[in-house]
Amino acid sequence: MSFAGTVGPLVPEVIVLAAALLVFLLDVAGARRRELVGAISIAALAGALLVVLADLGFLPLAALRGLPPSVLNAVPAAGSAPLYTFGSLGLVFQGLFLLAALLVATASLSRASDERGAPIYYGLLLLATLGMLLVALASDLIFLLLAIEVTSLATYVLVGYTRRDARALEAAMKFYIVGALSSTLSFFGASLLFGAYGTTNLYALRAVAGSVGYPVLALLGYGILLAGLAFKTTLVPFHAWAVDVYDGAPHEVSAFLAGGTKKIGVFALFLVFLGPVLYVKAGGGSPFSGAPFDLGPTVQLTLAVLAVVTMTVGNVLALLQAEMKRMLAYSSISQAGYMLIGIAIGTSPALAGATLQVAAHVLMKSGAFLVVAAAAAIGVGPKIVDWQGLGTRRPWLAVAFALMLLSLAGVPLTVGFVSKFVLFSAAVQARGFFVWLAVAGLLNSALSVFYYARVLKVIFFEPAPGPLPARAGDVVGAAGPTPLGAGGIGYGRAVAIGVAAVLIVAIGLYPQPILGPIQSAAAHFVAGGA
Amino acid sequence: MAVGVLIALGESLSPGTYTDVRFTWLHLPAPPPGHPGAFPNGFSLVMGTLVDPLSALMLVVVTVVGFLVMLYSIEYMRKERGLPRYYAELSLFLAAMNGLVLADNLLEFFLFWELVGLCSYFLIGFHYERPAAASAAKEAFLVTRVGDVMFLLGIFLYFAVYGAKGPGLGWAASGFLFVQGNHAFLAGVPAGNPTLLTVAGIMILGGAAGKSAQFPLDVWLPDAMEGPTTVSALIHAATMVAAGVYLLAVTSVFLGFTAFDSLLIVALGGITTFFAATMAVVQPDIKRVIAYSTISQLGYMVLAVGAGFTMVGLYHLFTHAFFKALLFLAAGAVIHAVGTQDLFRMGGLRKRMPLTAAAFAIGGLALAGIPPFAGFWSKDDLLAGVYSTLGSHPAYWPFFLLAFATVFLTGYYIFRAWFLAFSGEPRDPSLHAGHEGPWEMTVPLVILSALAVVAGLFVYLPGFQALLLHGGGVAGIPPVYGTTQLLLSAVGVSLAGGGILVAWALWGSGRIVPTPSAAPAAGMRRVLLARYGIKSAYDWLGATGVYTVARAADFFDRFVIDGAVHGFERAFGDLSERMRRIQTGLVSDYASYVVGGLLVVAALLLVVAPYLVGRFGGG
Amino acid sequence: MLPLVPIVLASLLAGTVATFLAGRWARWVALATSAVFLAEVGGMFLSYSGWPGYNAQSVPGFAESVSYPWIRLPWMQVNFTVGVDGISLVLILLTAILQIATVVYSWKETKNPAAYFGLVSLTCLGSFGVFVALDVLLFFLFWEAVLVPMFFLIGVWRGPRRRYAALKFFVYTHVASIVMLVGLLATVFYSGATSLDFSAVAAAAPGLSPVVQTFLFLALFFGFAVKFPIVPFHTWLPDAHVEAPTGGSVLLAGLLLKLGGYGLIRWAVEVLPAGFLHDRPIVFAAAFVSIAWGSVVSLAQRDLKRMVAFSSINHMGIVLLAIGLDSSLGLLAAVLLMFAHGIVSALLFMSAGTVHHTFGTRDIPAIGGITPATPALATMIMAGALASLGLPALIGFPAEFTALLATWNGLGYLVLLPLGILVVTAAFYIWMMQRMLFGPPRGVPLGIHDVPWWEGVGMGLLVAVTVLFGILPGLLVNVITSSPVKGFPGT
Amino acid sequence: MTALPLGGFLALSSALLGVGLFGILTRRNFVLLLIAIEIAMNAAILNFVYFAAFAPVPALGLTGQEIAVVLIGFAATEVAVGLAIVLALHRLRGSINVAQATDLNG
């Protein structure tokens, strides 16, 4: 394969990597203006997004297509074990990752332009995005875990990048310790799988999942791997770090973590667990007997239990949260439970539903955290009660936030409803105990309405306690009262929030343009390689 | 009025049942084939008019008395506020009353029945700023509402009876049209559905008892005297309260009562007749005396209808309407003149209001049943009729005796009132010096006086006779008019005369002899003034019983049902608070959760899930 | 043929959006929107009822039915399918009447009028959508879409505990909606319907085994029962009513409660006949409890709005009873009663609103004898109360009469309970009138004005409707009975 | 080839993992935590190495040795990032005791 042949399919990754390097170089060269590095990053991310969309087959973009159609969804030949392949579901996830990064990058333009570390910030953002893009391509377990680590390492630093904020550093510390522990576990689990099957290739693993030679070893491997990946996906009880990190990190970084990097865990779970889940060998049996047994249902049940526990615990913990970001963090945890339902069921409709849920979550949760950033920029405090009267002071911002919360709650006419609808209808369609999974999910979404509605109540119904300070920043190093554009929240944030809000409603009204590709991608994903 | 009289004249010339316009009010079409359901032919609820001897008789009453009361009101109500409202409500009442009389089915009957009840409610509460009036209006509405609800159930039951068994009158048409022949059908098939029919009759009786203030739903009528006297004369004496009797009459003619129902009706009539009269005996309020007498007289009519003498009952209704309206209007003239309703403060009005005194006396004589006044003829017929059934229905005996004894009481109480008001000397100097009213008030008195004298004699007019004869519609229900039991008549008249004499002996002087409070009579008097405690029982039931239940229910609603909702909320809140404590902020704890979670996942994958899957099967 | 329903939907949507953006012209835009809506619906209604001879056209199936593909999933097809039949048409007419009455009544709303009128229009839009939706997802979408504007209507404008009430309303009804959605989806998937269209679901679902249907029906029933509301799931209602602005109360009582009844008729009873038959004892028990509870508790209320709210529970209990009878007469009665209750409770809530801002309180014992000072207001209260207690010649009578007749026909002497409760219902209204309207003036400040013209027009419209259909219920009945529902000729 | 050596190596790596986890759970000093994580990481690396040697099935794709080398590099990178955080934390708070950094909780 020629160099062009190798790089051609990797155009988005190359663009992002090049932009990251360029930003770091500019830093060294002393060009540290936020506008400059931000523009470069946004351009790179947008370009990569266009290429990914083109690769996915959006016709008007055919000229940008870097991926030969023959490569897309091609199943590796028997005996070959590529490190990465190009599945359309991966491309869909790439698109979502890029969308999340793009929203965050755009909104970050509104941070103080002379803030220290802007190039570092954007460079790390791009590097993290690069890791995410690689996750979406992985076809090898080690490649997958390393790609995750690329993102992780970048985000550890990103959380604490200002180096002046004790809360952010504390968050980075926690993030790092739990993250490193989890990656260690992941690798240990991978090593057991390698021992059991003699390969780390995901296609191969899927193929041999049926002939479990050493079920105990394999199951232990899958279990430990699940624990490691659950860290990224914030499944309960591996979630505890997330609340503190989302809380302590700069708002834009929280948006990126919750809306973006968390989803690589979801996709990693898809990749790793589809094989075991799809393995159906009736006849019961015990993993200790040495004979083949019901691996599929066993894994499904485990994942389902985790999903239900995650949804429930996240929601219950969010109920009485007094701080906005922590509330959003807990809601983000519970949303991860919904996504897990998709892989627990393992059918292509369920995966499509989970993917749509991921897409929805990118918009809702990134959007929500960016609203928090915008609100902080106009002097709204971190507690939910501090948000009183926002509805009358900043009606547009409040309406956008309301849309995001309603979407999170799964109220119709929003993307959050469509995704839950598709997911739960897929669960009901799968019959069996998945119906109860859907019931649990719906009851949870009912429970979640309580705290979303409570926030809406505070924002819209309660009068403002007093005038807002002219400009109080969460922004470290903010110098002087230079009011930002767009009513004090900054144009970048306004654009990002606006795009997210519009997409939430647009997809909620007519999801077909995005649902169609996701469905066919999920179908390819389930069918491929097994 | 003219129309009413014309219709009555027409009926008297050619008795029979005439149905005019009829239109479908509400139509449930027949279901398509294959969907039988409860109404295979669908059904219609219709509105129409029907004229027959019964309605003709009622029409005369309604229109004539209505006209006279309107005329009388011009002067009587001159100084009142809200006259447009008064006349509008009175007109609406007359319209609804005519509608009721002309209705050709039970549903339509009920519709207008409710409307007249509404007008009664409004008019009792005409002086709504007076708490007593507002309260009386409420009481009237609610007590009659109890009857209405029974009436409604009665309609359903008749609907069911005739829907199931009627000759071609199933659900497809309408189960409760007033159509000649139903009754005959029932007579032929007595076993039709006796229980259903009996209950239906009881329910109709309940409705009638509410409207016609029969025991035990009689409490509202005396209180309804809070309304203007004109209203009392028209609505609460002559027309609306008679609608209950009319309902019973119509039902007995067109739909039929079972023997048990008849006995019940007779019993109710007899009891009401007597007890209402006893309460009238001690009343100090001139209007309430007349009100109790109304209840008592309505009891007679119910008795007659129950005993099978439908047209005799209506005949008494006819005469009663005139002399009772006369009594009310005369009383109204007195009240208008002196400004009080308390008999004990009046006295000696005979000299200043000779015409009114005479009118009241004529009304009283008619009421007491002294020949040749109107009341004599109808009451005598009535009693004779009931007497004639005693042989075949010995169970009627006690109620007949009660009714007969009431004749004495009637003579006594009405002339007690007359003597107290008109004879002797004025007792209370603070009262206005009474005088006769202008012509608008006297003319109705004169006309009604004339009618109170001659209305009973109408029965000797051939046309009217024909009306009464055909009114029952069905052979076998004999209208007894003209005295056939001379001995009975003589005893009756003597009793009435005796009552008058006793009244004269006690009150004729116009002086009041206070009864010693220790005397047995005083205790009796208290019981009677307290209306045997029925009113207090109702008040207790409403204000204490039902309201307490409602308050308890409200408490339950707020604190138990809603409390459960809040408990749910609190339970989750507590859970949330408790679980938040695991979020310590210490990273080592978080790491331990990871390790613990790892162990849990391993246990799930290796032990729990395989066990469950093996136990319950995959998927 | 023009796609009439989507056109109405579009006009309503455009009007709503315009209202939100219209600033101080909002009320004019809202008025125009509602007038257009009423004209469109009125036209549909008249053409359907065959006025003036009102010989009902029997249209088999749904009229004005159109369908566009919306969401394609491999395992099912979601269409944008809308259409009307007699039942929905009557309720749509109710929607249109209430919208214009509410807009006129609230003419001088000063607190954020654009949002207020916009939310009113949005609520009506959602209700209209629910009534025309013939697809599970579309139905649920509109069903929930009503929730959000109502949440804001309750929460922003009036009462002191409005925030609590709004939250309670939102959470409570949303939980119920979700249970309902589970039931609907399970119905679709277990029955093997390939499309979420009503026709497909209604064709496939009756084939489910009775046991499954029983559980599915219970899920749906719970979802609808909260909206109804049925005791003991009713406690959100009094709070919401008491705290909502008048327009919110009007739409809440007039429209939202009807959604529950309509949903039950269309999506539960028709779709799961066997489940319905199995669960009828539960339905009846719930209905009887609600009838009795709503009425008895009303008697103890001091707040006029709270009293009317509990009377709504009573009336909707009768609706549920009538639906439960499973007869064509019962169905007819249920729809009539929903229409009647929609108009009458709206009238009563408007009166209560006027009482509140005229006298500064709605506490019944605190004011009395208001008739001389405000005769028009007293008349409106009286008209509402009398219509609500079922006085003939007003709309409540034909509705209650048919309901009770159907009950007698279906349940025999059990009709005694609703019949007996009629006395209690009369009692609390009559008592309220005695205390508030009559007697010597009490708590009536000097120099108060009677009903302002805009409120008078709003209420007068409703009174006119009450009288018109009270005297000529046939207009509604002929439309209702042409529906393609069991026992009606449209089947 | 017997199963015994594999069992023994597995026991060794499991012990390493256990030591690492124990350290992570009990230490409060950030640097000691880093060391504990590295010990646990080495358990995984060790696994890859001897699974490559004692593999019951022939390897497909990456071999255990390749993976082990990559992971050693990765572990170094990870520690570098960790030390950076340690430095920043120390500079800002004057302490690298993780038990003192619990401002974010609840």
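Labels A, B, C and D are assigned to the chains in the order they are written; within every chain, residues are numbered from 1.
One rule holds for everything that comes next: a residue touches a chain if its C-beta (ideal position, glycine included) is under 8 Å from a C-beta of that chain, and two chains touch if they have at least 3 such contacts.
This is a predicted model, so every value here is computed, not measured.
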The chain pair with the larger count of contacting C-beta pairs, comparing A-C against A-B, is A-B
Need the central chain here, defined by C-alpha centroid distance to the all-chain C-alpha centroid.
C
Taking the mean of the C-alpha atoms as each chain's centre, how many Å separate subunit A from subunit C?
43
Centroid of subunit A to centroid of subunit B, CA atoms only: how many Å?
76
In whole angstrom, how far does the Cα centroid of subunit B sit from the Cα centroid of subunit D?
95
Just the number, please: Cα centre separation of subunit A and subunit D in whole Å.
26
Could you say which residues in subunit B touch two or more other chains, in rising order?
580, 583, 585, 587, 591
Touching at least two other chains at once: which residues of subunit C meet that condition?
none
Which positions in subunit A are in touch with at least two other chains?
173-174, 177, 181, 185, 243-244, 431, 450
Inter-chain touch pairs (all):
A-B, A-C, A-D, B-C, B-D
How about subunit B: which of its residues touch subunit D in the complex?
580, 583-588, 591-592, 595
Which part of subunit C faces subunit A closely enough to touch in the complex?
70-76, 137, 140-145, 147-148, 151-152, 155-156, 162-163, 166-167, 170-171, 174-175, 178-179, 181-182, 185-186, 188-189
Residue ranges of subunit A in contact with subunit C within the complex
348-349, 352, 406, 409-413, 417-418, 421-422, 424-426, 428-429, 431, 435, 438-439, 442-443, 445-446, 449-450, 453-454, 456-457, 460-462, 510-512, 515-516, 519, 523
Would you pull the subunit B residues touching subunit A in the complex into a rising list?
569, 572-573, 575-577, 579-580, 582-583, 585, 587, 589-591, 593-594, 596-598, 600-602, 604-606, 609-610, 612-614, 617-619
Seen from subunit C, its contact residues with subunit B in the complex are 56, 168, 172, 231-232, 234-235, 293, 296-301, 327-329, 332, 369, 371-372, 386, 391-393, 397-398, 401-402, 404-405, 408-410, 415-416, 419-420, 422-424, 426-427, 430-431, 433-434, 437-441, 473-474, 477-478, 481, 486-489, 491
